[in-house]
């Protein structure tokens, strides 16, 4: 129920077309988001192509397909993350409209109406080849939101010159998603070179004292480079979503 | 050595005024940032009033005053965080230009030239009164950067109606800094209501299984609300800086 | 040996039918619970249908069936938790009286005599679809105890309006079991809306910094909403049992 | 704004006394809890004497007195926890109506109207003398809510016979708050003896591998005794509140 | 009530001097330990000089003196651990019978009747001078129990030859208490050299990744030397008590 | 080289049969244990039947059989722990002298000469049926060392009366191995009832906040019952070995 | 671009063959390492046979072979770590030049030109047989770098005499890699016996409170033996590389 | 007893001057280090000026002075770390030969005979000004060992150009000690630029999720830059000692 509908309902009460009691009943079951809060804007944004994500891990192919079809039917973009090749094949059999990106471990379909383009460019930077699945999840997410995405991959801190070789991208992107496992130092280095937001995504890549991404996570949280914030370990979607959102501001 | 100096040096080589060997020697000690990378943009931003932060804890009043004066002499904004009332008084005696905000535990001075205004408005939201020092550090940081800041304080999840009463702010801000200790649920709730970036700042407020902010930190990292990212525990400066940066984009 | 038996034994000593020495020997091996302590009430409660739980994980189908039959033979309710579909099928072949609820991963049989009904209604609230197995374990437990249970599922904090749409349940239940993984914020929100006991059940749902349910657990323990307490990660039985117990008080 | 007020407002619109636009304006600023949800019941309970707690640690005496007076002015019970003797004296100078219980580290004042009595009796059980401040905080909380409270103190698991000597209390209480530090085994033992809810409160008492209450907390969460749930380390208020709430059910 | 008393009670019932009902009433309140269980032996041991420990930390001098006097009045040995020099002086003013060992941070008084001597000799081995307070607490405990104690101090693993120089002690002791902080390797080395029980006591000595004794604790628990077991961090009393107990076996 | 050999070597030097230089060369490579230290006693003990343990996990059947045969050839007892049924069958094919105890997950063979009997009796107490493999590993170890072992199984703290029913064992054993997972409270309870050494063995049984045995381990380390010490999680061998060693003292 | 190329470029500017502007453009994209920093020396070292490591875990056989061939084509040594037997066979089919060392879980090929020999000798010391894969990875790494390597295996702290029997190696090696799991005490012991660098490599061998190598890691970090430093858990390559590097110094 | 003494003893046995039995008795008490093992070399090194460290924290001024004088009397270098200004003044009053470096929190005196100079140069690199005490402890240690030390301070990863400006030092040092707190990324960056050993020293500088240096420690352990190893948090002495040792090799 929209703000207009509340006004209209009150008008109907004033007009005598609806009794006070009946109006009260309707107001009582009024879903929260219809009170005219920001949520409405959010919904508008969603309709414009921001993907609704389906976390594929731990769901069956049938469950994934059912949810994906419901989203697809509304014309919204579909994004399924963390799907194994086998599950992806099974889902695609049930819903052939989805495209499969095996390296990103994602299935996706664009929104019916293309989303408004971003204001600038999102750079997704990844430290090692093992970090690519998480990085590509971020790439795909931001692209589904309408952002242009530049990839700067395999630029770990032990080979800084490769990062510096991407100076053009560093200079021009409006927002950065920096993905790294092990000691997780790359986001700090990038944030020290640029003056735009850096979304750091720790990954579970590593062994021993990496403790499943904890070392990278702590490293990023303790970065002394301003403009840097952190999302959950392996949360490529979260990084890409925030970057896409920032890229659409203004 | 600036970009212009490199050009000039090369010109001198072309002109024969400097031998190739001598030029090589000078280039070898060339500081990195002068190669025309993004760092230059960053410096430009700094000159425009982005504050350089001095972490006051563990520094003597004399050390703080000396660094602050160096920054102030360049015309840049000064921000000193985590200063006790006693230390603040001592620093102020040495450098009376600094203003003291005891609740934020900060000393500050604006840049000589006012920074460019932000594009919108930053909302700093805090869960409890004990979270205020961290929240006010974020407020002060964003304001020094030129952003307009709205305060929405004392709106913990156990009293959601107070948050909802701030619907106007939720609807209109371009970026949110949400500060909370204990279980740290407030950023999730805010991010579920708005469609703009939420910078979550966990605080060390709490006791027992709060483990110095760990519970709040983990809660925020695991939020399923997209658009949310996290900075270090009690890092009000980091939250305010990122929000101010986002507010100046576009 | 029951209280009556002790009285009878003492009577026999008084009557000379049993010598003091022989009576002493019997008393020495007297099981603790027969001394007339609260344990007796507990046993009475058990006979009234409170389920004795069999933790199925790590037990063979044969072991499960043997224990279940022993309980069943006493007329008590049987509840087996954490059984895989394969193991459940095997147990059912050995003991066809058990019903299998695959989503709850449980096998169960009601007590011979229906348990006394609860005083009110237990509400089991779950954040996400992945939390359902734990939530359904709680539902089944409370139902076996004789409580009426309302399900409020898929009402995570990122979509609060769905929770608020269940206002009738929130208003009418006598006790709440709130199941959530990831950041575990839902129990706090529910406890802020109601004034009856909320049993929070963290789940191991999540990834990365969820650390197998630790984030949710810490979040719930640090909740500032009074009336909330916590059981072990994934302990749906524990949540349902406590709620059923509270629902039978008075 | 109460349910009746909404009805009345709608009636006024129907009567023409209030224009639809003005009614809309009032509804828009309508605090959430007034929509007739369970919160209303909660408010009613609050008016009946359930204490609103002020966490004293980290607040100044002046801040505490100001909040306490606001609550007191509404006729509600006042409870301030974690106040040192010095701070308590200072608060009492500002607000002499408060009573100080130094062992419980609390200041309190009863509600203007005595709260409705509980249905039964709350038992607060504590393992060691060092656990007493937390236990007494629980006692005071439940008493302010109108519950009758029995104290069973100094009954650690290394001296079980002292616990068993309190068999009468174990048999008759409607709800238990069991407070223990170190290995935290006492709540398990109590929950194995009774068939009513046990709220376990771990304390930070101990040293070395007690890790500030972590050992006790984990022990309680892993208890295999059903009917037991846990609140935060040292959270005597939380334990007493939940017990008082359960004691008023039915 | 002693075993004999039960027999006597039963005899009185047989004699008709006590009615069965009255006997039942007495039996119902019968403290657990009087049933003739091992506890009785334990009490006997206590009377023979095994010290009852008073953990001094967090208790006032008055509280300590009151408990100590109660124990002393029964003729038992008194041991107060973790007392600062100031508190010790205050306690001694109240109870001059106590001896103060400042290095061990203990106050003590022997049992009225000397305890039976141990069967052999307890060796207390300490790695560094900072571990001495904990080691001396163990020494004092075992001595109060009647054991002969040999001290082997300052023999850390970085100077193994000093340990080997104590070969006579290693060869002749019946039980070892080995106290070490930092990496906690000493107990492993000792247990590899001897074939009698080694009680390992980790200490909180160290810094950084010692994490308050956690490193030493984990090292000792993971020792591959059989015959080694571990007590809590800094628990010199626990180590000395167990060693004294073993030394009295047989 | 044995003590006798050194004496003999020195005699040969005295006799002129061996030159001082040659003797020096032999002494320089002299293994440490031959210097007559306590190690020799340990070796003697080993020859008397104390088992040398082979940790089977992570070793191939061939490796296990090879090591086992080397020990067996010396006439010593053989104990292989943590072997799966499949691996056990394979090892037995290679070395049929080994007996397989599937519940204990062990293979074993007694020493050629029966070890000297223990002085008393070891009691192995286990909380739940899932703890049996660890408990049986302790039983087997102590029996191979020549100790008489009593089993007290399935006596968790939620059913204390079953423990108390074993009063005879509690009264008569010279040493206790108490095995428990989850909250690990059982060793505390046993140590509160007896006055002989209790070796606590935490197990990894449990889920959620059991954290693989950490909760049980911390609980046991924090026990306030004196005479209790702890070995590594699931270390049944370590518990049985220490108990057997204590049982042979005196 | 090499140092020579910069000199040449500058010469061309001096010669007029390249304009200053064009030279500036080329310099701007100049990779970092070409500025004549230490990196160049590093590259020289690499060409001399220092292995470039390929972490095999999580890479497909095809990916491994492709990277290995690229390194091999440059004449450098190839080292692939953490490859299962199956994957190793597959890689060897694609690239038969690689040698497989199954115990070390490595594939390798020497550099085309043999690396310069080390100055002394590297000793790789391992505590238990389960630590061998990590130790052998260190051996292979140092050997590929041209160092002579001595193996001292199976010398855990519970059998120190075996370590002491290797006195010749302890006396003569220039650097030590000491590999140990469980309590990780061996590096401390070795560092107490020698006065040359000891690189400690904790392994994930152990169970229970070993916590995947954490206990060994903490033990090594807390060693009081100077000259000892630590690399990541199971990082045999890191240990061998550092030792080989030290062995080539001077 | 030295190697020569053993030879002499054996000669005396051969000569008949000492009986075999008496010789055996002397050999049995033979301290380990006298067997001619590497320990002797270590002692030689110590006499050559390697400092023996006294950890000052937790020791009284009198204890420090007594140990320092014993070392000084042998002509060895003295180094006392972690001394507060007050304690340093007190120690100096007792032993005026010691020099006080307040920034390094150290007291020291050189060896009577200057130690042999290092082969090259040690570089001590520190990230922030707060890391200076730890870095200066490393500087002082290496200097006392005779190494030439270069300081490269205040070169955190957020200002890489300052590090690169120290290219000469990076190119010429034989070993690096790199000190950093917070995210601890600096050692990785340095190790990526040089091909000589890097000893990483994490510091406890930071707040929140720095967890007392844990974040820096984990970051350094997970570095993918080879040639890097780690010592304990804040262990400047350990870093300087290892670097000095490496600098003296060859």
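Labels for the chains are A, B, C, D, E, F, G and H, by order of writing; each one numbers its residues from 1.
Heads up, the rule we're going with is that a contact is a pair of C-beta atoms (placed from the backbone, for glycine too) under 8 Å apart; a residue touches a chain by one contact, two chains touch by 3 or more.
Listed by chain with UniProt protein names: A, B, C, D, E, F, G, H = 1-(5-phosphoribosyl)-5-amino-4-imidazole-carboxylate (AIR) carboxylase.
Everything numeric in this text was worked out from a predicted model, so none of it was measured.
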item: Where chain E and chain H overlap in contact partners, by chain label; value: F, G
item: Option reproducing the contacts of E-H, where over half of them reappear, out of D-F, D-E or A-D; value: D-E
item: Interface sides of chain D and chain E: same vs different residues, half threshold; value: different
item: Selected interface, F-G versus D-F, where C-beta contact pairs are more numerous; value: D-F
item: Chain A-chain C separation of Cα centroids, rounded to whole Å; value: 39
item: Interchain centroid distance [CA atoms averaged], chain B/chain C, Å; value: 49
item: In chain C, residues with contacts to at least two other chains; value: 28, 32, 35-36, 39, 160, 164, 167, 208-210, 214, 217, 221-222, 232-233
item: Pairwise chain contacts, counting only pairs that touch as defined; value: A-B, A-C, A-D, A-G, A-H, B-C, B-D, B-G, B-H, C-D, C-E, C-F, D-E, D-F, E-F, E-G, E-H, F-G, F-H, G-H
item: Touching residues on chain B, where the partner in the complex is chain G; value: 6-7, 10-11, 13-14, 16, 19-21, 23-24, 27-28, 30, 32, 35-36
item: Partner chain G, residues of chain F touching it in the complex; value: 28-29, 31-34, 39, 55, 57-59, 63, 202, 204, 212-214, 217, 232-235
item: Chain D residues within the chain E interface of the complex; value: 129-130, 160-161, 164-165, 167, 205, 207-210
item: Touch list for chain F against partner chain D, complex; value: 128, 156-160, 182-185, 188-189, 191-192, 206, 208-211, 214-216, 218-225
item: List of chain F residues in touch with chain E within their complex; value: 35-39, 41-42, 45, 50, 53, 119, 164, 167, 170-171, 174-175, 193-197, 199, 217, 221-222, 226-233, 237-238, 241-242, 245-246, 249-250
